[in-house]
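Note that chain A is present in both complexes that follow, paired respectively with chain B and with chain C.
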Partner chain A sequence: MTWDWSAVGDFMPHFWDGLLVTLQALVLGSLISFVLGLVWALLMRAPTRWVRWPVGVVTEFIRNTPLLVQLFFLFYVLPEWDITFSAMTTGVVAIGLHYSTYTMQVYRASIEGVPAGQWEAATALNLPLTRTWTAVILPQAIRRVVPALGNYVISMLKDTPMLMAITVLDMLGEARLFAQQNFQFTEPLTVIGVAFILISYPASLLMRALERRLVR
Partner chain B sequence: MSAENPLTEDSGANPAVDGSELIRFDKVTKRFGDNTVLDDLDFSVASGKHVTLIGPSGSGKTTILRLLMTLTKPDEGTIKVGGDYLTHEEKNGKLVPAGEKHIREVRKNIGMVFQQFNLFPNMKVLRNITEAPVTVLGMSKDAAEERARELLDLVGLAEHIDKYPSQLSGGQQQRVAIARALAMRPQVLLLDEVTSALDPELVAGVLDVLRDIARSTDITMLCVTHEMSFARDISDQVLMFDSGRVLESGPPEKIFGDPEHDRTREFLGAVL
Partner chain C sequence: MTSGLWELVLKGIWVTVQLLVLSALLAAAVSFVVGIARVHRLWIVRFLAGFYTEVFRGTSALIMIFWVFFVLPLAFGWQLVPLWAGTLALGLTYGAYGSEIVRGALNSVDPAQVEGGIALSFTPWQRLRLILLPQAVPEMIPPFSNLLIELLKGTALVSVMGMGDLAFSGNLVRLALQESAEIYTYILLIYFVIAFLLTRLMRGLEKRLKAGIGEVPEKGVSQAELHRPETTGVGGGAA
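Right after this comes the complex of A and B.
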């Protein structure tokens, strides 16, 4: 096996394309999972079980089936009902949806972690329920949520290569394509391996810094 | 204390200070599981009075405050505040469990200070005090802040207005909590063991503030405390609780000086 720097040079334009796709999927998937996870967590606290029960069943189902199966389902089955999205959109939605079923548990735990005394003080001051949520409970809960959400972002980054399965060319997709066309596997795979570490390690350092700042 | 007492202006807004009945418990029973905390309890408090509830722990004192603050509901019986049912409302001549709107309306008259302060840690001192006046009473931000400054002056914390609760000592936090409760101009102030969580050297500062308020206002106060000398100072009436009932009640001189029941004597002997 020989290391060929010119192959690295040839791969780089494809690498940048792949990197862009990976980062897009990561950022949009994260946003969806952050927002949707909070929505699920709040719905699970609805006063009626006619809301809690379906939300519980659906999210439990999504959490306990593989992301890859969900990707295939959204990409190949939905079009049979004339629901079609681009591969990228489908991928981002699938990742965001899948991870929202994890982030909802982070939100749930942190909401439950707000001391009962905070609710009681809000009641004693006669704050309306929505105001209690937006001004008292959520600001305190979300502060605790950041470190755990950060871990899921890193986990999500490592799941983005699955998008390859539905024809989206992320970093791994680009590397595989390049490798198959040029019969050079070592260089492109090494490059993207290093790229993953260069993204995820600083990200985890950032999370730790945020954790120190936010959790007082 | 400032020359201009922010509390005295309350008297105009406080309709019932004529000593008429403000709070009435009527056959109130409250159970937690098998444990009957309040047992068929009747008692009333006249407006403007300072009433201290004493008794062994588990005798239901705090539960009375929590019932009044609507933090928990009675299993049986009714509670009236200012002539309105607290957890019930009358519909077509029948008494039914109250809706949220009715509860909020009656609850407006009541404020509470908690053992654990329960300040909002995500808000600075100023906003802790102005949040409810602005969002609940619809006060303008400026008016609410002016009142907050006056109240902070009153509790001696004017210079801490821009701090977060975590930057204050327990005693300071509790004085902010008192200011926060007063900002809502309640007719009734509930004090739930407000010095129990404090380091001993911080207790006096909080009690001094409360003595000031008791002396200079006509707010009705219900106070659960183990600080017997404070109770003796501020109370018009002391209620001795035992096993979810009022064992005896009377002016502080009577209860502390010459109690009728041996049980009261025993209790006071243990805490004094």
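Right after this comes the complex of A and C.
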């Protein structure tokens, strides 16, 4: 076991570049997944099965297939259809889409968790449907959603290294590049591994605390 | 697509299935050992098991794979066959997630059951084997089923290391045909079918195990999504 601190020092500038890319992908991917997940969840409550059924099949399909292959699909197939994005955009869209099928479950469970009495009261007060959703159901549902969504953000963080496979220079991409140029694999890979623990462990503690506060 | 290319895809399926079975076995062993260690009466055992869990859940599976493939040979001189390297990385990572499931299910068994065992002067090992596990294991099956699907999706990661699994064979066919829509659609469909079969299998297993202790499986999406006790995880945990 040889450990070379000077290699760590040389790697650090690349590390910060990679961290920035990783965090950008994480933030944008999370935003897409939060919004899209809510859209899926609301579509799943549509009155006609002609909406529910296709949405259910598509989201089930996306949830049960590997993100990596979905990344390849978007990265190589979209250009064939004359839609070209940068690698980073493709990656963000893929992560957002993949995790929207998870966040959708969270929204669904929390909407179902609002007591039936609340719906009945809204009906009794003759509230229109939009008002029922915006003033009664969603404010109660969102509270319970926050910690569960946070968990998925942490999972998403741990899936961002996959973007490396479509040439994005995130933390792992930078580490691999550095390793191949200098033939020092141990230091950069260990540094980013530790960095992931240092980010995700406090984040998970935070989510646990939030969960205690927000979910009764 | 020609038959030669299909043969490539079939080989890919075989590698994926092998990797899935081996790493699932390793992950299951790790889950039970670490999960049971986390409810051990000595604090040092609990601490070490907890440390293991946090470290392996804290990093990304892909980074673990890189580490096993590149750092292990350089740092310790262990050059593993790709299949075993992939198994090791995936098994250890997903085992850490699984240990949370085991711990959660053990904790959810009614404490009176254990007290009953103590009153009958069972040894700790007998209490675990005869009282705790038979009641806890059926509870673990739904979250383990989710975790198994996550593991299946995780096996695609080894293609980054050039191992010839299903995702990798997709890349080869893309290079051969210079055309990607068709092959990637097939690859995604194959993964979906495998996932579907696994879900069915696990549901059957749950039914059998629950019948063994006189219960019926719950239907539909549960509220568990909101009450996941452990927060970094894929796959969810038993309450």
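Of note:
In this text, the second predicted complex is superposed on the first by the 216 of 216 C-alpha atoms of A that agree within 3 Å, B and C clash if a C-alpha of one lies under 4 Å from a C-alpha of the other, contacts with A are read in each partner's own complex, and residues count from 1 in each chain.
Note that a contact is a pair of C-beta atoms (placed from the backbone, for glycine too) under 8 Å apart; a residue touches a chain by one contact, two chains touch by 3 or more.
What you see is a predicted model, and the numbers here were worked out from it, not measured in a lab.
After superposition on chain A, the partners chain B and chain C are seen to fit next to each other with no clash. By the document's definition of touching, neither partner reaches A:86: not chain B, not chain C. Contacts of A:2 after superposition: chain C is touched, whereas chain B is not reached. Within the superposed three-chain model, A:113 lies in touch with chain C and out of touch with chain B [touch as defined at top].
After superposing the two complexes on chain A, the angle subtended at the C-alpha centre of chain A by the centres of chain B and chain C comes to 100 degrees, rounded to the nearest 10.
Of the two partner chains placed by the overlay, only chain C lies in contact with A:105; chain B stays clear of it. In the superposition on chain A, contact is made by A:162 with chain C only, not with chain B. Of the two partner chains, neither chain B nor chain C is touched by A:180. In the superposition on chain A, contact of A:134 is made with neither chain B nor chain C. Once the two structures are overlaid, the count of chain A residues touched is higher for C than for its counterpart among chain B and chain C. Superposition on the common chain places the nearest Cα atoms of chain B and chain C 18 Å from each other.
Comparing which residues of chain A touch chain B with which touch chain C, the overlap is empty.
Here chain C touches chain A in the complex through residues 54-55, 57-64, 66-67, 70-71, 74-76, 149, 152-157, 159-160, 167, 170-171, 174, 179-181, 184-185, 187-188, 191-192, 195-196, 221-228, 230-234, going by the rule given at the top.
Listed in rising order, the residues of chain A touching chain C in the complex are 1-2, 61, 64-70, 72-73, 76-77, 80-81, 105-106, 108-110, 112-113, 144-145, 147-148, 150-151, 154-155, 157-162, 164-165, 172, 175-176, 179, 185-186, 189-190, 192-193, 196-197, 200-201, 203-204, 207-208, 211, 215.
Across the complex, chain A meets chain B through its residues 115, 117-118, 120-121, 123-128, 131, 135-136, 139-140, 143, 216.
Of all the residues in chain B, the ones that touch chain A in their complex are 69-71, 104, 107-108, 110-112, 114, 116, 118-123, 131-132, 135-136, 166, 180-181, 184.
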